[in-house]
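The following block contains the structure, expressed as structure tokens.
As written, the chain order gives the labels A, B and C, with residue 1 at the start of each chain.
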Amino acid sequence: MGIIETKDLDLYYGNVQALKKINLNIKANNVTALIGPSGCGKSTFLRTINRMNDLIDSVRIEGEVLFEGKNIYKDFDEIHLRKRIGMVFQRPNPFPMSIYDNIAYGPRIHGIKNKGKLDEIVEMSLKGSALWEEAKDRLKKSALGLSGGQQQRLCIARTLAVEPEVLLMDEPTSALDPISTLKIEELMDELKKQYTVIIVTHNMQQAGRISDETAFFLTGEVVESGKTEDIFYKPQDKRTEDYITGRFG
Amino acid sequence: MSSKSKDKIATIVLYILSLLVVFLLVSFIGYILYKGSSSLNFKFIFGNPKSSEAGGGIGPMFFNSFYLLIVTLILTVPLGVGAGIYLAEYAKEGKVMNIIRLCIDTMSSLPSIVVGLFGLLVFVQLSKWGYSLIAGALAITILNLSSLTRVSENAIRAASSGVKEASVGLGATQWQTIWKVILPTAMPQILTGVILSSGRIFGEAAALIFTAGSSTSILHFNELSLIGKHSAFSLFRPTETLAVYIWKVNSEGMLPDATKVANGASAVLILMVLIFNFSARIIGRRIHRSFTGSK
Amino acid sequence: MNKRSLASRIKNEYIGKAYATICGLFIIFLTLSIIFFIASKGLSTFIKDGHSIYSFIFSGTWKIDDMGVNSKFGPLIFITGSTIIAIGAVIISTPLGIALAIFMNMISPKLGEKILQPSMELFVGIPSVVYGWIGISVLVPVIKSLFGGIGISALAGIIVLSVMILPTITSIASDAIKTIPKDYIEASYGLGATRWQTIIRVIIPAAKSGISTGVVLGLARAFGESLAVQMVIGNSISFPKGILGTTSTLTSYLTMNMGDSVFGTPNNDALWSMALLLLVISFIFILIIRVIGKRGEVK
């Protein structure tokens, strides 16, 4: 049983079905990549896991999503769920506050007020996202003064600050330059020691480089999933093979 | 006439018209300031008015205008910002939202005298408060509510995109997100709107004649009660403001130096409006700069 | 612990949401009360004092009897007064406003943004009493010396009002012009048209519904203005004898007389009926604007 499991997950936007009978098992302390052409449900699936889809009125979900064996709707409060399953978005979205306050935001929301503890958390999170050296002397300055790549690492640190167990990353490097992208990819190996990472990416090479497991999405279904080397070098389904070899997508 | 020459003539005419309009504005303001300049002294601005002799000042009315402004803002800002939050973040598209928008349109197009008369009916007579500052403040709140709501709603929508997901993703509730991230970001825009409203409130008269009244007693500043009839800070006393005074002086015609007084009072009024306008621009620019990435 | 306590929910979510919702719903409550109170007071002229609505709207006689017993209430004079100066003001400001909007957007956007735009904002900021005061101390003597008579006149009212509604018409017309797709303009230039031809044949027709909205809004404001008008039009209870004659409007009459009349008497009730009339006229304007807006969208 994986740390996250979905059973016959269906998702509808109004009358349009965006996810069809998804059955996926996400292994703990692994990096799992979700690949596939644009618009086929990868991000929608990702957002289901931390109930971000709740924000959209027209969404209807059937089937089950389990986190550590428990149903994320029935057994969890969405606030607590999101503390344990964090998310990094495609475009860096730091709050218009200082770097320190950005990272302390999450812990403060969840009740931590002690300055010493917050200082610790800020340092630990920035180190965890490889931003500490660049940021430690400007913690009180506005986060909006950082470069794009730095801002994204700030967003990762911000997510780490609430001490989640799972990290959901929705195309985290697609808006960044190659060097920043590389820095973040290097992070993945470190991150998976402590966290479970699920990353949506439309960059196949990236998926091949950093992930242990891969799931291939096509028009709302999971065509194939398994170890990354298997998917890339010995795909079972012809559609997977076509996508991997670049015949479409 | 060739189309090219028509084009040239039209362009010249438009330039002239625009220049004329700007000139008109400058001369309005210049005229008032010039005519009233002789009255811009301490004795006039802070002195007490006379009822039928020359030499009176506008002290109490000046104070009244400010005090009324403050009380009105205390009422209007929480209401307007709250309604803006509701429309931007909580209301669902549909009947209720459409009705609220219709109400906002309606309120914003009410003639100010009609609002004043409503105030007369409800805040003066029904409530038995008589002509009072609180009645005036409530009436002006009605006048300004729709514009402040609109400004707040727009500011909140703009501030919300992008950061809302990040905040919710970290486990914050919607309200926490609004209070800790969105509102602070929207503040400059809302503040600018509040300052601009202040300019309008300061100059408002039609809605006040029948609510705050067109008379004022001698003010005692040493009494601090909010209720007594003679305390300067009382909410329940008639409160003639500067703008109303200008109108009264002109329509009653009992002062021999009515023209001088009206000019002086108008000059003070226009100066205050100018100050409000410029402050709004400057503050808006400053805060915006400090927010968007100072290294 | 996987679920939050009730106390934490209340503090972090419910109180804030309740506050915002109450504010939102309060707006509906407020609007309805305004309508309710003014309507019930205004209708008492017909219900309590027994005057007929028909003669209220159509007869032109307005005679106030001290006891109120034999008064005749026909505010047609005031309705006419309001209409004349409102339409007069719109006739002057609309071409001017459109011209300014065109200047700001097509001829010199730089000057428009730096000088004209702030000027419009300042114009709006000038309180109406000050407009009235300038009207009486400057405009009226000018009219008097140019045309004779006493200067206080419907013409003075029209001129003062046109300056007051100019910013409204200009800014709405300017917004309408801004939303015209660049493609239209470039197509016109591409066919060899001059700027002026483009303005007349492409831009103004395309911005028609926006401009009409501005005009109607300006008209509505002109109808609703009270103090500035009251100070310069003479307040005589008669139809104006030509544009230099004096008259009254709905708003000016209310301003002058509500303070004097006694609450509860038929004379006073009639004033409230006039207030109700003003309310109804505002609604009509809102409806017109919505209809124009919808038509414009369909295009």
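List of remarks:
We adopt the following convention: a residue touches a chain if its C-beta (ideal position, glycine included) is under 8 Å from a C-beta of that chain, and two chains touch if they have at least 3 such contacts.
Because the structure is a prediction, the values reported are computed rather than measured.
Chain B has its Cα centroid nearest to the centroid of all protein Cα atoms in the structure. Top-ranked chain pair, ordered by C-beta pairs in contact, is B-C.
Chain centres here are Cα means. That of chain B falls 18 Å from that of chain C. We define each chain's centre as the mean of its Cα atoms; on that basis chain A and chain B are separated by 48 Å.
Note on chain placement: the centre of chain A and the centre of chain C lie 55 Å apart, centres being C-alpha means.
Contact of a single residue of chain B with at least two other chains is seen at positions 173, 176.
Looking at chain A, one finds that residues 79-80 touch two or more other chains.
Residue numbers of chain C whose C-beta contacts span two or more other chains: none are found. Touching chain B in their complex are the following residues of chain C: 12-13, 15-17, 19-28, 30-31, 33-34, 37-38, 41, 96, 99-100, 102-104, 107-108, 111, 115-116, 119, 121-123, 125-130, 132-134, 136-138, 163, 166, 193-197, 199, 217, 220, 223-227, 230-231, 251, 254-256, 258-259, 263, 272, 275, 278-279, 282-283, 285-286. Residue ranges of chain B in contact with chain A, taken from their complex: 92, 162-163, 165-173, 176, 180-181, 184-185, 291-295. Residues of chain B that touch chain C in their complex: 3-4, 6-7, 10-11, 13-15, 17-18, 21-22, 24-25, 28-29, 31-32, 35, 78-83, 85-87, 89-91, 99-100, 103-107, 109-115, 117-118, 120-122, 125, 142, 145-146, 149, 173-176, 178-179, 196, 199-200, 202-206, 209-210, 214, 243-244, 246-247, 250-251, 259, 262-263, 266, 269-270, 273-274, 276-277. Looking at the complex, you find that chain A touches chain B at residues 50, 52, 55, 57, 79-83, 86-87, 89, 91, 93-96, 105-106, 109-110, 138, 141-142, 144-145, 155, 158-159, 162.
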